[in-house]
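Take a look at the structures listed below.
In the two complexes below, subunit A is the common chain; its partner is subunit B in one and subunit C in the other.
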Partner chain A sequence: MVEKVRTVEDVCCPFCGTLCDDLEIDVDLKTDQVVEVRNGCQIGTKKYFSSNPSDHRYTKPLIRKNGEHVEVSWDEAIDKAADILVNAQRPLLYGFSSTECEAQSKGVELAEILNAILDNTASVCHGPSLLAIQDVGASLATLGEIKNRADTIIFWGSNPVHAHPRHLSRYSDFIRGYFRTDGRNDRYIVVVDPRYTHTAQIADKYIKVNPSEDYELIQAIRAMLRGSDLDVKEVSGVPIESIKELVDILKSSNFGVVFFGMGLTQTLAHHRNVDTAIRLVTELNDYTKFILIPMRGHYNVTGANVVFTWNTGYAYSIDFSRGYPRYNPGEFSSVELLMRDEVDAALIVASDPGSNFPAAAVKNLFKHPLIAIEPHKTPTSVFADVVLPVAIAGIECEGTAYRMDTVPLRLRKVKDAPGECLSDKEILERLIEKVREKMGE
Partner chain B sequence: MSLDNLILLTGRTISQGVALEGGKVTRENVRAAGICTFDADDFKKLDCLAGTPVKVITDYGEVLVYSTISEEGPHPGIIFIPMGPWANQLVNPSSQGCGTPTYKGIKAKVEVAKSGKVLNALELIGKLKEA
Partner chain C sequence: MAEINLKIKKKLDFPLEADSITPDNFAGKTAAAIKRLPLYYATKQVTIGDFFDVSGKSTDVADTKIIIDGDVSNVKRIGENMTGGEIVINSGVGMHVGNHMSGGKITVNGNADDWAGAMLEGGELEITGDAGHYVGSAYRGYWQGMKNGTIKVKGNVGVESMLWAKSSKPSNKWPTLYCGSADSFLGIHNHGGTIVVEGDVDRCVGADQAWGSIVIKGKVSRLLPSYKKVGEVKEVQLPNGEVIKGKFIEYSGDHTIKKETNGRLYVAA
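For the complex of A and B:
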């Protein structure tokens, strides 16, 4: 029989922070297109299929001329992009969470040369978690430890059924582990959320908390843990009896984990929510082993934080305008900068702030020249002045990515990129070279 | 009909995730993220059919989205819009000094749309470019 497809095994999925490393991808030998994805979740599978050529995939560099995108050579596109960056007073380099670590490192280099602001998507999602961890530390573990040992799992403000579809089956719920030989039956799952989410629907205990009142509930749990009696009937909409029951469950577990998501970081109290959650976990360690893990969204946002930190000392929201890195999230984070209309040019790498920033910030982003390094048409790239088409990391080029528990894994190349696409790293290297040339270095 | 004193939450859904990977400029993305999910009892008060476009209004903006009944209820008083261009017309850009906007827990009201249509991602974000 003649082989029609080649199969690439043990592929790391470049979608969410779970970074599943067991995908099998079939690529058609004749067309070099993905024809089958095994083991992936719905979203990961779709990402592989959408890497095939389509009417919304970029294959050539584009420059906006007279309001229309026109195809140009790489040299012309890089020259135009470098012009924009060199002539800007306060350029912003944003994104980096959906690409690999080598490209992120090049992003840091470019930001330093340009005296720019460097930020990654943590600034709109788990930034408050990073602030809290810097404030009070954190007890962490790898997902493998959780799989083998954890018997009490709390999902707080996080809905993995939707956001991290294979998390439950690979690490935290249904999976059998060394000390959890009966899988789901050996674990007690608690979900805290204002909505009775699909994750809550398969949990053992659901706690319905009022929106934006997580802080009060965590403090009440901490008080009860210390033996205080609270003279109220309910806290944050949760009856006192239910909180007591939860405290007993937490104290009597062998190994507990709090997985927390945007429900804590994007509500009013932001990092103060995470501060108290970490302190709760610390105090629970007086009784039993407890740890917490942020449910990171982009597959390599953890990598972006790690790479930025080892290069500059800071994980996100870094300002190079004085020639050395400074860090102050409320001041140098992308949305705050855009709201103050400080940014006068932006380079977006592997991200779509047009879709994901609040409208008022997007309006200011669009006022100034915009460069997008992007494989697909997005509400950011369509309105960009320069579009640099890129090979998708983890599908069309190799690299390293960090899982949500900061375990680095190697991304694989399963097929070639269509058209003239280059990798993020190559594009940033060419930009660095051109920028240096224009700055006379 | 209209509903006042609602709390807007935003976040990931699996169909929104699939749609954004499948193409952000596609109609599929509108169906996945250009929607507002209601608690079943709240929705009865709106007195309209599921799928009817509704206007969601907050202190920060307003947007037209399709209505739908939540599979993740009951959550009386709470409406949910998947993260994306539609939700971001409504969220509070203030981060209270920490850098991360307040994407969840925003006061909102909803009325059944009398006119207008639900825009796709490019039409919606394009208005910000022109403005």
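For the complex of A and C:
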């Protein structure tokens, strides 16, 4: 029998921060298209199929001429993109979280040459977690530790059933571990969320907190942990008896974990929610082992933070305008810069601010020259002046990515990219070369 | 007092970073020499002369008064690290005005943007309008913010003002903020700062306060559950010796830090 497909095993899924590394992909030998994905969740599977040629996949560089995107050569597109960046007075380089680390470090190099502002999607996602960690530190662990040891799991403002579909089965809930031989039965799951989410539905205890009042609830838990009796009967919609019960559960666990998501970082109080959650975890270590892990969204946003940090000292919101890196979210973070209209050109790598940023920020982004390094048609790329088609990292090129617990894993190439697509790294290298040439270096 | 007048002559498309505008840098310089001092605009280094008309003369630091006219609401870092003298700004001002200042006085006759008086170590900052977020606060990652000096804001202060303020009894340093009203997280992580608010305050005032005094003459939108009522008082004595008369409810907290705490919050009864 003649083989019709080629199977690539142990593939690392480039979708969410869970970074599952057990996927099996079947690629049709004749057409070089993905025909089957095993072990992946629905979203990860979809991403593999999205790499196949389609009417929304870019295969050739595009430049906007007379309002229309026109196919051009790579040389012309890179030249035009370099022109935009060199002529800008305050360029912004944004995105990077859905590509691999080698490309991210090239982004840092380009930002430094251009004295640009460099930011990644943590800015609108887990940036507040990073701010809080800077303020009060953090007790972290790898997901393997959790799989083998954790018996009390709290999902606070995160809904992994939908956002990190295989998280529960691989690390935090159903999985059997070395000391948790009975899997789900050996773990006690608590979900704190304003909505009765699908994760809440499989939990042992669900705490319904009023929207954006998480901070007060955590403060109450911390005060009770210190042995104080509170004056109030209810905090953030949760009766004091229920909080007492939770405090007892937390104190009596053997190994507890708090997984937190956008419900903490992007509701009112932002980084202060995380600040107090970290302090709660620190204080719980007086009684038992407790750690916390941010549920990172983009598969390599952790990598973006790590790469930016070892290059510049800072994880995101970095300004090179004075020739050296400076950091100040709020002052140099993309959304705030765009809201104040302080950016006059932007390079977007592996991200879609057009559909995620506030309308006022997007309006200012589209007002100025825009370059998108992008595999698919997105609300950002359709407004771009230059579109550079890219091979999808983890599907069409190799690289390194960091899981949400900062464990680096190697991404695999399972097939070739369609058309003239180049990797993010290659595109950024060509841009750096062209920019250097135009700046006379 | 020797006066130096600066008048901005260009409309700004990007923020101008003016950390060189301080009495320390201007002292003993002629107008021509002051014009040559560096500023930063977008990615370029420029000079004061490129953006400001400069007139007057200066003597020593303590005797130098800088008066700034024209719209400088997008000029950042005026008065950074200043140790003495005076700056008067007759307009709104950009971010970081008077950050790290350790002496002298800055008066802003208008609104100030975020981080006004951040990490203040002494001197006085007065703002006649509103101030942005992080007034007198610590910069990202610092565990000790404002250590001494006074900030007076007539209007509202933004979120997380007086973050990580730190007093010192042995060296008699009492960082103090007076303001008209305040947004959420006023005095968070307070370690001895004093805050007096004439009007209302939003949620989470004094969150994680280790010690210090916060006096609110108006209302608090939502008091933290980790604060406990102690009783009622008829006057409040501030650490700097000042006495505030009026009926206040005294709360202790934040009890997240310690079971028994010296942190106090006074809210008008």
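Here is the rule we go by: the second predicted complex is superposed on the first by the 441 of 441 C-alpha atoms of A that agree within 3 Å, B and C clash if a C-alpha of one lies under 4 Å from a C-alpha of the other, contacts with A are read in each partner's own complex, and residues count from 1 in each chain.
Everything that follows uses one rule, which is that a residue touches a chain if its C-beta (ideal position, glycine included) is under 8 Å from a C-beta of that chain, and two chains touch if they have at least 3 such contacts.
Every value quoted in this text rests on a predicted model; they were computed, and no experiment measured them.
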item	value
Room on subunit A for both subunit B and subunit C (clash or fit)	fit
Touched partner set for A:Leu131, first subunit B, second subunit C, both or neither	both
Which superposed partner A:Ser321 touches (first subunit B, second subunit C, both, neither)	second
First (subunit B), second (subunit C), both or neither touched by A:Ser123	first
Contacts of A:Pro329 with subunit B and subunit C, given as first, second, both or neither	both
Partner chain in contact with A:Phe366 - subunit B first, subunit C second, else both or neither	first
Subunit B versus subunit C, judged by how many residues of subunit A each one touches	B
Which of subunit B and subunit C A:Thr197 touches, first, second, both or neither	first
First, second, both or neither for A:Pro418, with subunit B first and subunit C second	neither
Distance in angstrom between the closest Cα atoms of subunit C and subunit B, superposition on A	6
Residues of subunit A contacting subunit B in one complex and subunit C in the other	131, 268, 329-330
Subunit A partner contacts - residues on subunit B that touch it in the complex	7, 9-14, 17-18, 20-26, 60-61, 70-75, 78, 80, 83-85, 88-89, 91-93, 95-105, 121-122, 124-126, 128-129, 131
Residue ranges of subunit A touching subunit C (in the complex, touch as defined)	89-90, 114-116, 131, 134-135, 215-216, 219-220, 222-223, 226-228, 230-232, 235, 268-269, 272, 275-276, 279, 320-322, 327-331, 342, 344
Complex contacts: residues of subunit C adjacent to subunit A	13-15, 17, 40, 42-44, 95, 114-115, 133-134, 139-141, 143, 160, 184-185, 188-189, 203-204, 207-208, 222, 224-229, 254-259
Residues of subunit A defined as touching subunit B within the complex	15, 41-43, 46-47, 49-50, 54, 56, 123-125, 127-128, 131, 159, 161-163, 165, 194-198, 200-201, 211-212, 262-263, 265-268, 270-271, 297, 317, 329-330, 332-333, 335-336, 339, 352, 354-363, 366, 376-379, 382-383
